[in-house]
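Going in written order, the chains are labelled A, B, C and D, and every chain counts its residues from 1.
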Amino acid sequence: KGPEVVSGPGYEEACFKPWNAETKFFKWPAKPGPYKIALVNGFVANVWRIQMIQTAKAYAALPEVAKELKEFKVVSVGTDMAAQLGAVEDFINQGFDAVLIDPNTPTGWDRVIRLANQKGTVLVGFDNGIESKDIPAVAQDQIDLGKISGEWIVKNVGNKGKLLEVRGVAGTSVDNERHQGFRQVVEAPGNSFEVVEVVGNWAPGDSQKATADAIAAHGKFDGIFTQGGSNGTVQAFLDAGQPLVPMAGEGENLFRVQMAELQDKGLKGLSYGQSPAQVAIAMKAAIAALQGHPIPQLTSVPNPVVDYTTQKAGEDYFPELKGDFFAANAFPPCDIKFTAPQIMSQSGDNTK
Amino acid sequence: MKDLKLRITQNIGPILALILFLILYVFYSSLHPRGFTSDLFVQNSNEALTLILLGMAQTLPVLLGGIDLSVGPLMTLVNSLASHLVSGSAVEIVAGMIACLVVGALGGLLNGLIVVYGRLQPIVVTLATGAVFSGIALFLRPTPGGTVDPDLNWVATNALAELPATYGWWPNGSPAWFQFIQGIPMPIIILVVIVLVVWIPFRRSETGRACYAVGSNEGAAYMSGVKIERAKLAAYTLGGLFAGLAGLYFAIQTGSGNADPIQAGTYTLNSIAAVVIGGTSLFGGAGGVIGTIFGVAVLRSITFCFRVVDSDSAIGFLANPLLQPMFEGLILLLAVSIGAAGIFRMKNRLSIFR
Amino acid sequence: MTIATTAPRLKLSGISKAYGGVRALTDVEFSAAPGSIHAVLGENGAGKSTLIKIISGVVVPDQGTITFEGQNVRFATPKDANNVGIVSVFQELSVLPDLSVADNISIVGPPKRMGLIDQRAQRRRAEELLARVGCEDINPLERVRNLPLSRRQMVEIAKALGRDPKLLILDEATSALTASDVERVYEILHKLRRDGLTLLYISHRMHEIQELADTISVFRNGRYVSSFATGDKTEDEVVQMMIGREVTSVYPPKPVRTAPVKPALEVKNLSWTDRLKNISFGVGPGEIVGLGGLDGQGQRELLLALFGVLKSVEGQVTVNGRNAKVSSPRAATRSSVGMALIPEDRKTEGLMLPMSIGDNISLTILGRIAKGFVIDRSEEAKRIAEMIQKMQIKIGAVGDAVGTLSGGNQQKVVIAKWLLTGAKILLLNDPTRGIDVGTKQEIYRLLRNLADAGTAIVLYSTDYDELIGCCDRVLMLYDGSIVRTLEGDAISETNILASSFNLSVGAKTSGREPVSA
Amino acid sequence: MANTSLSAVVRSIDKPLLFAGAFIIAILVVGSVYTMVTAGTLTLLSPTYLLLQLKVASFLGIVACGMMLVVLLGHIDLSVPWTMAASAMIAAAVGGPWAMPIGLGVGLLIGIVNGIGVAYLRVPSMIFTLGVNVVLRGLMVMLTGGFSPSSQPTDLMLFLSKNDVLGVPNPVIIWALVCFAVAFMLKRTPLGRYIYAIGNRESAVYLSGINTRLVLVASFALCSMLAALAGMLLAGYSSKAFQAMGDPYLLPAIAAVVIGGTNILGGSGKLSGTVVGTILIVLLQSVLSVMQMPEAGRQIIYGVVIIAMLLAYGRGGRLRL
């Protein structure tokens, strides 16, 4: 059992953009709504995940979505793969129609996928990748994020010099793919960069410490690529009295504010967002699938990227907001339109 | 009769854990739309087994009066190793599994050797070896991946029925006696086998008792002519073996390897919590893995419950994903504080010191 | 009988042992014959325990040789000694509190079935051995933690017998035993002697030695003095050998009781769980009141109750006529109450063994000698020095760990820290257990002087000699209530033993409940 | 103690200090060789680098001071990570002049809760503080999720963590002050003596008429308040208070304390050791980072160093028999 594998065209291609030409489509037999949908998150104690959950709840609360939902349940199982597999299987057993997954690891999903197919449950992965080709997933191209950053750096630095790469949490696929993409570009023939690599764990504190050390040991840099905790890296340069240089970083609001304020001090910035709003696309995909529409096995979510020249206050970043959040939060083609501030300021306890 | 009373008072910890588990589990399975089914039981035991095995690994050092901060990393190390070794031909698979368990045992033995001959405190030794194990794991599996035999994965994570089915033992129907037991989840069978074949004999052996003796009063044990070094080494090695089993099952269950140090840390801390809830004294000398099994059951049941509470019910707030993490903590605190009830019943204040 | 008759079973020659700076034993010659109960006497710190530890493989001597049954032996661990038949019951008990009595008794070499411990057989074995030492009342499944000290010592003895030793060593193994237990142990030891065992017996109770030993060896500060048959020398001569000076009467004279003063401490209908029942008595300033009776009749609980350690105690306690609400040791030590308790077990309740002698002594008064938040160190040093001097504590330096002192000196430290507080009501829980005659004498004097200076003293002792020698009054406890009060000449061995023995039937069932974990 | 015997002094002339000190030098040498070879510089020996390390070390150092107090009692505080985060995040959320006092208040509160759990409920600290850590994490998820609080440190936090006095970074000065205060408390006040005493034998201290529960609660409170202080300084330093900001501080803090020669079972240890232990850990982390050692290698070296240090001087004696 399980979905029928069909070839395009898919449904709402503008929103559900197939990863590439080879990407196949899944088609489940249409079910009458309203549906029971669950979201199984892993680690929860970081802003990105919290914002993601908030977005999911806000999206589920939209009238046009709400009418499709009988129940929407969210659990965060922490960094424990067994618990995450268990939770998904539990919701399958409970007879949920679809389960959205922000996976702790890309591997190990075969069993639950097999069960889901037996019971006709739709699973949709998002954010961190899932290796299996038998489950529909929504993802941003992390390798591409690395490449974009690399190309932008080459554009702004020229094709030689000393670069600082601040990496994310070791062992995660997100970290690895961004790293690969970046290296592919800067190590491409024609470029001669010396790249100094440190680990910042996507956290400002760690990034700042690692950057400060790197500056102390290696002196001046000509360009920076960081995966997160971006403002920490900027801070380290300021503290060390080092001239700011072109830098590609994550989508934290605080970093974008710095990009705006410090550009004439040399911080030419690029900010790519791993958007927490992916979750909304995943839910939209799940509902579509349940309604019998074909959806891509791998939906490519456009990588929201702004740089110091293109970003607009009040839209791409929010100087007046002191809160901590990821600025990129809207996907117009999928008519997902909340701004991050809307999301983060809604009160915590509106569960549907 | 008098003895029964004595036995109960002496095992009050595990008994309390069992009761607590039953309460939570009945609550969960009664709210569960499908009720208590074989599927449910299979899923729940899959989810619990790895932590149970790791809790067992933690129990031994704790019985000695120590603690082992390296069980999680060691499990992760074996898990990463298994993702390289446990695949291919039947022979390769078996050999691979044995290799994994040996590595686990050796890891435990290493801890034991440093603790005994280095005469260092277990908590700091394992804090350090834990880092080393994590490092090796990351080295083996820089990113999650690898493969473990899919049939093995399927068999080990389903009801017993799938065992003959997967390997086609009885092409023309399974024998009658099998019908009775085929509903039992594989993880439960694995657990029972391990307890019967490894733990019970150890517990009843002289060395096993020596571990309790050492944990109870090392000096006295030494004076009484107990082979304290052998006991310690045995305990740590067995602990390592259990950690290895945890890592191996984890690999089989997830069909892959993952060196994530953060996950390793989570598992270590949960294993300690499970041991305590299971009624093993952190001072050593009293307790056992049976209690720990219930301890894990309690921990897991807490999270199970969050999946079934209805947001419009009286306890709907438990359904709020942004409140759950806090309530998880509060319930954990509650569970580990149950022992405190005893404190208030103590009529002699001296008995709280130990 | 004399020593030379038979070839010695055990022979030590030129044995020396030093712990860091401390010379515990110097060039010791010693031998013990088969079929003999051989008492080893000496002051605290004379080296008795060290000698025993060397014989039983706990510590390795720096020099010298040990010959056992003609063979030259070297023990690296107690196990080695066990293997040749040397079994010891140590001063610091070696019981395993969390294990059952049965497990403790068969901790090594348990009966086995198919390579595993045979629980049933082990239990039977325990029952037999316990019966042998007359403790049928102890349940083999009970955790040792829940037994009072005297029962634990009996378990230890049973455990030792279970290893059918050739050489059995009892290092103050009877220090907490009560009259009836002792009787029983004597019978056993005599039988073992008839069976040809060698027994080394260490005790500070003179009358025990006289009754039991056939041979006596005396040690003085780490050196072997001499051996002789019991009865060849008078008690006073022996004591003189031990402490190297005249001892006149061990006990200071009791003052003639004047008209009863109004009590400093008065207790009315004090009850606690089922262990204390309507206890009423008073202690006047200058009075030493003894608590007697078999061990485990509630004496310890009574002291703990007075000192505020026990919860939900009923009844009324008044100090100097004022109602004293003592709900914690802290409250008990308030200057308005001014109590002090010398606890049962100095190692776990009296001292922080790894900390310095000084830190241990001054602990009780830090609050008082602090100027604002800061300890006045010169004042502290002064007070400590005074106490060490006054109590004649034998120490290397005040900075040394108290754990390195011998039992007696450790006990002096415990007393010292309480005398510093200038307590007016002194509760003592068997304070001379494991303490040598010389030190005992000092302590008795001290108590009497304190009493004369107006301190009210309650003294529980498992040694009836002491009750007779020191107390102005003795309250005999049985099963949690005062059954008899002995006063003046009525405080006699016969009376005390009499009351003890009448009660001994009931006593069998009384020792079991937990005293303190 | 007023007059410890000379031998005792000599013995305690901190092996930890000597070994750890020597190792710190070794780390610097290795690091310098590396920079010399790769960049042809000796930056690791430059005052700027060393001051930077001291500055970075001060956060861990302050946490370790607090941790040492509870370790001396024979306990441990696993709630430090989210005590740091909670105090910093709440302080940032509150903002204004009251931010830091309230942050410290949060620490105090957490400490009291830990203290009550350990001293009154007698739950082993290892497990109670673990639970408290989970609860705090949950609370912060709720806070961020529900109210999107400001995460920006106040000017005071920024000043205390960024500025310096005569070239000495403020955090370093604060760390030094904390050290002096704690060392004095341990050496010269009754509370300090009680802490050591309880670490050796609580029952004896209790029977000496001392309110040991109060001592326990006070120590846990101090530990948490120091963690809170460190958290707020860290927020100032990285100009942001954020989820999980304390997570990288737990194990290093424990390691610093034990490398510094404090007995993990309580009862003995010196603050000077903890300070040196802190510096060792921070330098090690930094130099490994500078040498771009991959995570795997880092973990292994980290563990090996701790064991080596302890084997060198941390070996316990035999049981006292």
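Operating definition for what follows: a contact is a pair of C-beta atoms (placed from the backbone, for glycine too) under 8 Å apart; a residue touches a chain by one contact, two chains touch by 3 or more.
In this text, all values refer to a predicted model and were calculated from it rather than measured experimentally.
Asker: Quick check: more C-beta contact pairs in B-D or C-D?
Answerer: Pair with the higher count of C-beta contacts: B-D.
Asker: Using the average of all C-alpha atoms in each chain as its centre, how far is it in Å between chain B and chain D?
Answerer: The answer is 31 Å.
Asker: Quick check: how many Å separate the C-alpha centres of chain B and chain C?
Answerer: Taking the average C-alpha coordinate of chain B and of chain C, the gap between them is 45 Å.
Asker: Suppose each chain is reduced to the average of its Cα coordinates; what separation in Å results between chain A and chain C?
Answerer: 72
Asker: Can you pull out the residues of chain D that are in contact with at least two other chains?
Answerer: Residues 137, 141-142, 145-146, 203, 206-207, 294-295, 320-321.
Asker: At least two other chains touched by the same residue of chain A: list those residues.
Answerer: Residues 44-45, 50, 53-54, 170-171, 348-349.
Asker: Using the touch definition from the top, which residues of chain C touch two or more other chains?
Answerer: Touching at least two other chains: 58, 92, 309, 328, 349.
Asker: I'd like to see which chains touch which, written out pair by pair.
Answerer: Those chain pairs which touch are A-B, A-D, B-C, B-D, C-D.
Asker: For a test of understanding, state which residues of chain A touch chain D in their complex under the given definition.
Answerer: Contact set of chain A toward chain D: 44-47, 50, 53-54, 170-171, 196-199, 201, 203-206, 208-210, 212-214, 216-219, 231-232, 235, 239-240, 254, 322-325, 341, 344-345, 347-349.
Asker: Which residues, counting only chain D, touch chain C once they are in their complex?
Answerer: Its residues touching chain C are 1-5, 7-8, 188-191, 193-194, 196-197, 200-201, 203-211, 267-268, 320-321.
Asker: Give every residue of chain B touching chain D within the complex, in rising order.
Answerer: 67, 114, 118-121, 123-125, 127-132, 134-136, 138-139, 142, 218-219, 222-223, 261, 269, 272-273, 276, 282, 322-330, 332-333, 336-337, 339-340, 343, 349-350, 352-353
Asker: Enumerate the contact residues on chain A facing chain B in the complex.
Answerer: Residue positions touching the partner: 39, 41, 43-45, 50, 53-54, 57, 73-83, 85-87, 89-91, 93-95, 104-108, 110-111, 114, 131, 169-173, 176, 348-349, 351-352.
Asker: Of all residues in chain B, which touch chain A in the complex?
Answerer: Going by the criterion above, the answer is residues 32-34, 37, 39-40, 43-44, 46-47, 50-51, 138, 141-146, 150, 153-154, 157, 250, 253-256, 258-263, 266-267, 270, 300, 303-304, 306-308, 311, 316-317, 319-325.
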